[in-house]
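In what follows, subunit A forms one complex with subunit B and a second complex with subunit C.
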Partner chain A sequence: MAISTEPEAALSVLPRADGSAKYSHAGYTVTASVNGPIEAQRRDEHAYEAVVDVIVRPAAGAGGTRERHLESILQSSLSQIILIKNFPRSLIQIVLQIESTPENDYVNTKLVQASLNFPIIPALLQTAVLALLSAAVPMRATATASVVAVVPEGQTKRMVVDPSPRDLDIAKSVHVLAFTSHDELLLAESEGDFTVKEWDDVYETAQRICCRPATTAETDMAIDDEAAGPDMRHFLRSTMETKIAADLHWK
Partner chain B sequence: MATPSLSFSRPTFAKLSPHPYLLTNLSPQSPSTKPSRTNGRAPHEARPVQIHTSSLSHAHGSALVRSGNTTVVCGVRAEILPVTNIPQYRPRSSLQPSSTTTSDDDDAADRAELKTYDLLVPNIELATGCAPQFLPGVPPSSLAQTLSTRVYSLLHSCGVVDPKSLRIWHDPSTETKNPDESMQVDDNDEDDEAEPPQLMAYWVLYIDLLFVSFDGNPFDAAWTAVMAALRDTKLPAARWDPDRGMAICSRTKKNPLDVSRGGLPVACTAAVFQEKEYAEAGGLGGENRHWILLDPDRLEESLCRETVTMVVDCGEGETRIRSVEKLGGTVIGRELMRGFVGVAEKRWSEVREAMK
Partner chain C sequence: MPREAEPSLNEKQFLLQAIQENLRLDGREPDQYRPLGLTFGDEHGVADVTLGKTRVLARASAEVTVPYADRPLDGVFTIATELSPMASPAFEVNRPTETEVLLSRLLEKTVRRSGALDTESLCLVAGQKCWSVRVDVHVLSHDGNLIDASCFAVVAALRHFRKPDTSIEGGVLTVYTPAEREPVPLGWLHSPFCVTWSYFGDEGETALLDATRAEEQVRVGSCTISLNRHGEICQIAKLGGTPVDALMLLQCTSIALAKVKEISSLLDRKLDEDTKQRNKGGRAAELTAENDR
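Moving on, here comes the complex of A and B:
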């Protein structure tokens, strides 16, 4: 299982869409396209704000109830960060195609599963945010997300960032947290069996990954080893910086 | 309590401009009046829950749950699934009819068993006419699909149903050892004494939920109905008949489904109502008061974007959280989330009283 630990991203991979992004992290690869603001259909349009339409396509098979649930989670989160009031009666459409997901080598996985797939949510959200940035859709804030699993280890418990499918099988609880760039909690999804104290610890771990201040990322990156996991906010920023530098290279 | 300047009635006001209507109710002019919602409840007041079980005669277990004007019927129907009909069936060698699962590995394997063979099939139908927004003759709305995914995920992650009570065994040597399986046995299949018991079939539980009337907060009502119906479920005692190659159910003897392992998880939902309807959420918008409305009704749900659902179980000792879903806004942070656990605990004891 060659799973990359560092996230990778490419912007504007699709030539005809308004914005697009390809993102891969922890074995998940997602491609997103964003079109908008475009004219909304009469039955969908809202008089005061833009409609955000999210479509999730699974890696294999047709979408089912699980994809509808993912769409509703992403839709409500993304409408919070996009300035939807600036575009009344219009539509911003985000299409997310899952390209690959990590396989659990120990068991036969079924193609169609109905239960909620937690670790895919950060990948989908991150790709959507990158594609929205690439489409230059005005946003109030960007968002970063991470997934943390609490895995039993003997008598104690251990927190695993970006858990593997094997970790997920034995995990006591799985948590997805997303933060805006103003350090506000945007999305929190958890399942399993846990206490308030454990949730607090998970919150701190996720916050450290999602909301590391930009200054420390520059200076003590090398010595900051105890903070496990990638620095998502820095990643988002450096991806955009690279893209802008490439675009303005002719100047 | 209409103010003199108001020349139309309360229902008209509510229909014309629902957001100012709810806001006026929540922020009364005089400080002596307590803020109340349009339905007369205080912000942290949930609707009382009423539960009736065993009202459907043809289901193995059923429950009717009423919470205000939200009414949901849940029926559990069990069907027999022979293992020969399961594609890619892989027998687990460690399984024994009487084995008790104690280790974590067994627990994970049990969970995987329920999941890979699809032994729990929840489905939610939002009936036409239960609320104005549901139109006839359309495919299941995304709300219905989202709800059934959430119920499915929670059923599995809580381990509500013990797979042990869903297994149907064939034990050629020791038919008499299992008194529940030997009620109407002819004892004609004792040809091989040494043969170990074999798992021949599973019970599949079809959990169907129908919303009779819909007035907000569908998930809490649906989950309460699922829990009540599963606790009410009694499966007929079944044994495997090797001659006919099918499972035979007893007419009289019924075994209650074992749902004790998952405890009693109870869902508690609240919505966040913000003062400015189309304001920037947080940050730049300046002062924007908000109210957390427990157990929102349909009008309130249409005005709130941010919702939080917490599933807790306070059965034994420390409160265990089973699931959290918070989305659609940035008002609820860490502190409010911690405080919400207390609200959910209160709701848990209310629902437990109703279940008794």
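Moving on, here comes the complex of A and C:
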């Protein structure tokens, strides 16, 4: 199976939802739909702000504790960037359907896994943000996320951005970091053994991927050569630009 | 969760009058399907079906489990249909609607009970180990005729699916990883498909194939016929209170057979194309561990 290293996205793929996006990166494919602001149920509604409801649906098998955990992580991150105070007593519903995950050819996969699937969080968050943009839900900032694994290599350790399932098996620790478009840290989740120094390195790597400043056309080439990993912020921007250009084609 | 918006009286009458004059809003013939599309994913067992604006994703998966105590020689085969709010905000998680119950029931009758998948071939060690094959149906977008689209997606996903190869030596079961041995296809016996007719008018005198969501909201009854391309009928479900003329039902069945033949050849062609595409190096024949039946 060919795993694409460059992220790909399509906006407004579903005809009925208010906003939707399909995103694939590093073997993960996720489709998201956003409906909102819609009427919240009586028992959920909040008098001063909108309720953000995130539903994660696995590709195979029924959702369990793992999905509920992912939902709670995403829910708290997305509530931070959506202007929920603008929509009291309403609901913003985000459904994330996982379509495919990278498979490890050397291990037989079990359907029900209790462990947390860390490396999928960036794909989920990225798709959610794209779908929210497509639904034109007012947001304080956009967000970009990245996953970094610390993989031992002999005596030293190596940072792997967007690790493959085999890298994850041998990784000492896995970190997920998300940043807003104002370069603020939005989400930091870590798993495994690591030192403060390692975390600082991971933070720098993730920040380089998520928060690369906008470049002009001339300097673009030079930076591409040395930079490791995709430029998520530029990707988000160019996806939206393409979509808006297509939408305003008639003008 | 908001309720599904019902069409207004004007919309209803406009649609019904058009149907009475043998016109459909999208300009189709009464017995014409919307364009049916099928794409397979990178992995085996993922089928993405589009029928007009309706879009269904089916995904097959398998794992080794213990068989049911009352059926020690059979494997486990389940079809999971859960409609998420992605299809429509009116659907709620963990609260099945009537649409969902009907859909899962019809898929169960069409694919599972008609014996399309040979469940005995899923048995590994009698009474101890068997394959559990599961198909998850994800409705991404609901614009009518979920049943036909879902059934097509389920059959396509199962026929495209490959389960890991196994061997038993001295009572020890080995499940090979995809890197060790090429996965093998499922024991497939026949491919049933659903064809749904919708009836309109006071006495159900007008029949339309492949209703859109707007048409589904104003119909008086529907009839889902499941059959394979040999004309063997797996089930007929006539839903809605209005009785339908018997002769018309017969006519519907014969048109359904013609449609199933078309759908069936479309699936065969797509599967062939996919096999060719995967077999780029021309080594698939060497890699396969499958025996001829």
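Definition applied: the second predicted complex is superposed on the first by the 241 of 251 C-alpha atoms of A that agree within 3 Å, B and C clash if a C-alpha of one lies under 4 Å from a C-alpha of the other, contacts with A are read in each partner's own complex, and residues count from 1 in each chain.
By our rule, a residue touches a chain if its C-beta (ideal position, glycine included) is under 8 Å from a C-beta of that chain, and two chains touch if they have at least 3 such contacts.
This one's a predicted model, so the numbers in the text were calculated from it and none came from an experiment.
*Asks:* Could you check whether subunit B and subunit C clash or fit when both are placed on subunit A?
*Replies:* Subunit B/subunit C on subunit A - fit side by side.
*Asks:* Check the residue A:E184 against both partner chains and state whether it touches subunit B (first), subunit C (second), both, or neither.
*Replies:* A:E184 sits against subunit B, while subunit C stays out of touch.
*Asks:* Looking at the overlay, does A:E103 come into contact with subunit B only (first), subunit C only (second), both, or neither?
*Replies:* In the superposition, A:E103 touches subunit C alone.
*Asks:* For the overlay on chain A, what angle lies at subunit A between subunit B and subunit C, C-alpha centres, nearest 10°?
*Replies:* In the superposed arrangement it comes to 100 degrees.
*Asks:* After the superposition on A, what does A:K85 contact: first (subunit B), second (subunit C), both or neither?
*Replies:* A:K85: touches subunit B, not subunit C.
*Asks:* Mind telling me which of the two, subunit B or subunit C, contacts the most residues of subunit A?
*Replies:* Answer, by number of touched residues of subunit A: B.
*Asks:* Touching A:E49, do we find subunit B (first), subunit C (second), both, or neither?
*Replies:* first
*Asks:* Mind working out whether A:G61 is in touch with subunit B, subunit C, both or neither, as first, second, both or neither?
*Replies:* It touches subunit C, and subunit B stays clear.
*Asks:* First (subunit B), second (subunit C), both or neither: which does A:D200 touch?
*Replies:* So A:D200 only meets subunit B here.
*Asks:* Thinking of the overlay built on chain A, is A:G192 touched by subunit B (first), by subunit C (second), by both, or by neither?
*Replies:* Touch partner of A:G192: subunit B, not subunit C.
*Asks:* Which partner chains sit in contact with A:W250 here, subunit B, subunit C, both or neither? Use first/second/both/neither.
*Replies:* Touch partners of A:W250: none, neither subunit B nor subunit C.
*Asks:* Once both structures are aligned on chain A, how many angstrom separate the closest C-alpha atoms of subunit B and subunit C?
*Replies:* Scanning every C-alpha pair, the shortest subunit B to subunit C distance is 6 Å.
*Asks:* Across the two complexes, what residues of subunit A are contacted by subunit B and by subunit C?
*Replies:* On subunit A, the overlap between the subunit B and subunit C contacts is residues 107-108, 110.
*Asks:* Any idea which subunit A residues touch subunit B in the complex?
*Replies:* 48-49, 64-66, 68-69, 71-73, 76-77, 79-80, 85, 107-108, 110, 113-116, 140-141, 152, 169-170, 175, 180, 182, 184-196, 199-200, 203
*Asks:* Can you list the subunit C residues touching subunit A in their complex?
*Replies:* Residues 1-2, 41-43, 46, 53, 55, 57, 59, 61, 63, 80, 82, 84-89, 93, 134, 136, 138, 140-143, 164, 175, 177-179 of subunit C touch subunit A in their complex.
*Asks:* Once bound in the complex, which stretches of subunit B touch subunit A?
*Replies:* Subunit B reaches subunit A through residues 88, 90, 104-105, 108, 112, 115-116, 142-143, 145-146, 148-150, 152-154, 156-158, 278, 280-284, 305, 318-330, 332-334, 337-338, 341.
*Asks:* Under the definition above, what is the set of subunit A residues touching subunit C in their complex?
*Replies:* Within the complex, subunit A touches subunit C at residues 1-2, 14-17, 29, 31, 33, 35, 38-39, 41, 55, 57, 59-62, 93, 95, 97, 99-100, 103, 105-108, 110-111.
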